[in-house]
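Consider the two complexes below, in which chain A is the common component and chain B and chain C are the respective partners.
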Partner chain A sequence: MMAGERNPASCHLDERTFRLCCQLFLQHSETIQDGWSWEQIKGTDEGFIKKTVLIPVKASVLHKQHECSMQDENTVTDDIQANVEDETAGVQAVCEIHAVLRYEYHILYSCSYQIPVLYFRASTLDGRPLALEEVWSNVHPNYRQRLQQGPWDTLTQQEHPLLGQPFFMLHPCRTEEFMKPALDLAQAENKRVNYIVTWLSVVGPVVGLDVPLSYSTEVSAPD
Partner chain B sequence: MSDNAESPTENQKDDPSIQHTATEHTGASDEKKKIDVLLKAVGDTPIMKTKKWSVERGRTVQSLAQFISRFLKLEPSEQLFIYVNQSFAPSPDQEVGALFECFGSDGKLVLHYCKSQAWG
Partner chain C sequence: MTSLGVKDELSSNASCRHLMNMIMADDKDVLRDVWFGKIPACFTLSPEETTEREAEPYYLLLPRVSYLTLVTDKVKKHFLKVMKAEDVEEMWFEYEGTPLKWHYPIGVLFDLLASNTALPWNVTVRFKNFPEHDLLHCPSNSVIEAHFMSCIKEADALKHKSQVINDMQKKDHKQLWMGLQNDKFDQFWAMNRKLMEYPTEEGGFRYIPFRIYQTMSDRPFLQKLFRPVSPEGHVLTLGDLLKELFPAAICAEDEPKRFQVMIHGIEPLLETPMQWLSEHLSHPDNFLHISIIPAPSD
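Up next, the complex of A and B:
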């Protein structure tokens, strides 16, 4: 069981446990150089953890900005290696295939929901922020259809509660849905989990964030 | 544990990389390419009649999830969550072979699966 009270029906997390889980999470991140860091808001005791990644994507994701109707879909491959080696492709083709996006992920604690919430923003390398449709096309196909069928907006644009800048947010209302099985399962096996590790392993891949397997075995639950 | 007679209607022709453990007549080379997976339902998720499967190492979690979803006849709006080590959700693109290396014990990989509630 995690520190702090949790009855089997509740998937909530108190703020202290959130911080402890983050600390343990960050320790492992440092060990494997996974790039997460704690950001403290100056003058407060509030903070969050964040990570920035560069993600290569297909040009079709940014088709509105890179107008090239000549580019046949069939010639745009996932094999970036092949395109690099194709000298005849020309700089224009390489630029379109090699679109790289900058994703910045923040994990904040939500006092109102009493759970962590994932915020992120995405931009091209030259600083152009991505629109919601572009972000949607980067949602993993495994989740895209179902999330788009939801009766409410799962992926929304929100003001970052601590920074005040526009971010995308994965709505926390579904958290209980996937946390409950994992937490009940762990409880049944008398196993303690790190809430952040379990939670992030589910929400992360939805928006392109990979959580290495070692987090599962190497990060302990807070006492 | 698995038994052909339990699931006479399932069509395995679509998924040659996933087979009943019991029907495996494998040579040595096949055994290296496949790993044994034990599927366990969580909560009130339907239990699969056949729980033990031989799965190709290269099969992804997403592919396996789709297989289970079809098997359980889930609605498109229902999401299947898969957990390894009880409490960790592997990335959809993760290969089961890698999971087996990390979490396999007694020659098998235990995966828990859970169906999300349908909307409505």
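Up next, the complex of A and C:
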């Protein structure tokens, strides 16, 4: 290895460090009431962190076939915006009906890849799970092209390895691409990072998960 | 001696209608026995489905190493004949009320749920009320391919830090999938043998890719890092794995056996080295799928 070349293995994370990073992450979440919590697997020292959020989306995002049922089952909020500001040429009012979706995010540790993995599931308020196509339309357009490049499509439906239920997962084999530049930079500046904070700040926004900036400044790296 | 024992068991396994002539206790024969293992199944349409007339059950020999949605086109065609298009959604299967996870190899599902029941395996076919909270969707074969390749990739991450799979070209990956899809043992193993190699000085893979399944558990499976050789250089066995992850499956000599530890429908000797099991009894996805089931009470 050349002098100054970082061991590529440091893109990885051992399970103990994962748990420590999560603990520190959770402490800050508690402080800013960001809603994350630790789920312990009964009888083991394994676990994951999770968070549930309600996200308003445009009704057009949901499958046409479900639009009728959506209205029937009262997932439409009272918040109907009508754009009546444009008075110029007698423009018709445009109504945007907002629906509310429930997103549940889980961060698990993968012992095979030795990195964290993001799982999530989405449903309407009445419990109807969203299909992959519907979830796709909630992915920011900037990320869509990159995710679609394959070879193994990066956003797929998978069985949650601890709960056994269908979730969506961001494929872990691309993690090194995201993390390497960030970890390289930190090393060059002689800083130690909290792996979870750095990692989640990169992958979270791809699937609509907001990670407030204070995590980057307030959460320390484990010793 | 161990490989001989496994080979005998595989050949005489009642759920394997494929009868093999035992010539030599060659490890390569074990690979063939595993690949060509079959389970006789009887598919019956659920009474909850709406039909225009009664449907006859459909009998099929299922490959243990494949996936339900990959090998049941004929089942679908058969039952569609008695149904109206508007009553047909994504086909799914259940056994005694339990939805069958198509993304588990067929042999694993059978060993886990039905190995101690009479053959044929009675599977119920459904076309509506897809259990969204239990099963993954399978809209096309490319989803099965993606899942299969994802398992192979994960197995190689454990065995070789992904070096071997990443050194392969796209066409090599395709060959692995096509080999499985078209039941081409030689085509598959021409590529797969690379994934079974390791540096001689290491004595085995970095970690063994395995999953342990159990019906009476909230967890779908157990998976941990496990080295085939101990730090002192001892070759670790199936018994060593169970001692660490499922000690209840190991009982003293005078105790009645409480659990059966099953791989491809057989119970390998606990003295079998994990490295040997990984090289010879893995599924095409390169994982050792181990089912732990309650021992039948006679």
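Note that the second predicted complex is superposed on the first by the 181 of 223 C-alpha atoms of A that agree within 3 Å, B and C clash if a C-alpha of one lies under 4 Å from a C-alpha of the other, contacts with A are read in each partner's own complex, and residues count from 1 in each chain.
Here is the rule we use: a residue touches a chain if its C-beta (ideal position, glycine included) is under 8 Å from a C-beta of that chain, and two chains touch if they have at least 3 such contacts.
Here the structure is a predicted model, which means the values were calculated and not measured.
Undergrad: Just chain B (first), just chain C (second), both, or neither: which does A:Q158 touch?
TA: The answer is second: A:Q158 touches chain C but not chain B.
Undergrad: Considering only the touch criterion stated at the top, classify A:V193 as touching first (chain B), second (chain C), both, or neither.
TA: first
Undergrad: Pick one for A:H140: touches chain B only (first), chain C only (second), both, or neither.
TA: First partner only.
Undergrad: Could you look at A:V202 and tell me whether it touches chain B, chain C, both or neither (first, second, both, neither)?
TA: The answer is first: A:V202 touches chain B but not chain C.
Undergrad: Once the shared chain is lined up, is A:L213 touching chain B (first), chain C (second), both, or neither of them?
TA: first
Undergrad: A:G47 in the overlay: touching chain B, chain C, both, or neither? Say first, second, both or neither.
TA: The answer is neither, since A:G47 touches no partner chain.
Undergrad: Residues of chain A touched: more by chain B or chain C?
TA: B
Undergrad: First (chain B), second (chain C), both or neither: which does A:L185 touch?
TA: After superposing on A, A:L185 lies in contact with chain B but is clear of chain C.
Undergrad: Name the residues of chain A shared by its contacts with chain B and its contacts with chain C.
TA: In chain A, positions 151 sit in both the chain B and chain C interfaces.
Undergrad: Sort out for me which residues of chain B touch chain A in the complex.
TA: Residues of chain B touching chain A: 42-43, 62, 65, 76-79, 81, 83-94, 98-99, 102-103, 112, 114, 116-117, 119.
Undergrad: Tell me, which parts of chain C touch chain A in their complex?
TA: Checking each residue of chain C against chain A gives 101, 103, 132-137, 146-147, 149-150, 153-154, 157-158, 162, 170, 173, 209, 218-221, 223-225.
Undergrad: Show which residues of chain A lie in contact with chain B when the two form their complex.
TA: Interface residues on the chain A side: 140-143, 145-146, 149-151, 177-178, 180-186, 189, 191, 193, 197-198, 201-202, 204-205, 210-211, 213, 215-217.
Undergrad: Could you list, by residue number, the parts of chain A that touch chain C in their complex?
TA: So the residues of chain A touching chain C come out as 41-42, 111-113, 128-129, 131-132, 151-153, 156-166, 171, 173.
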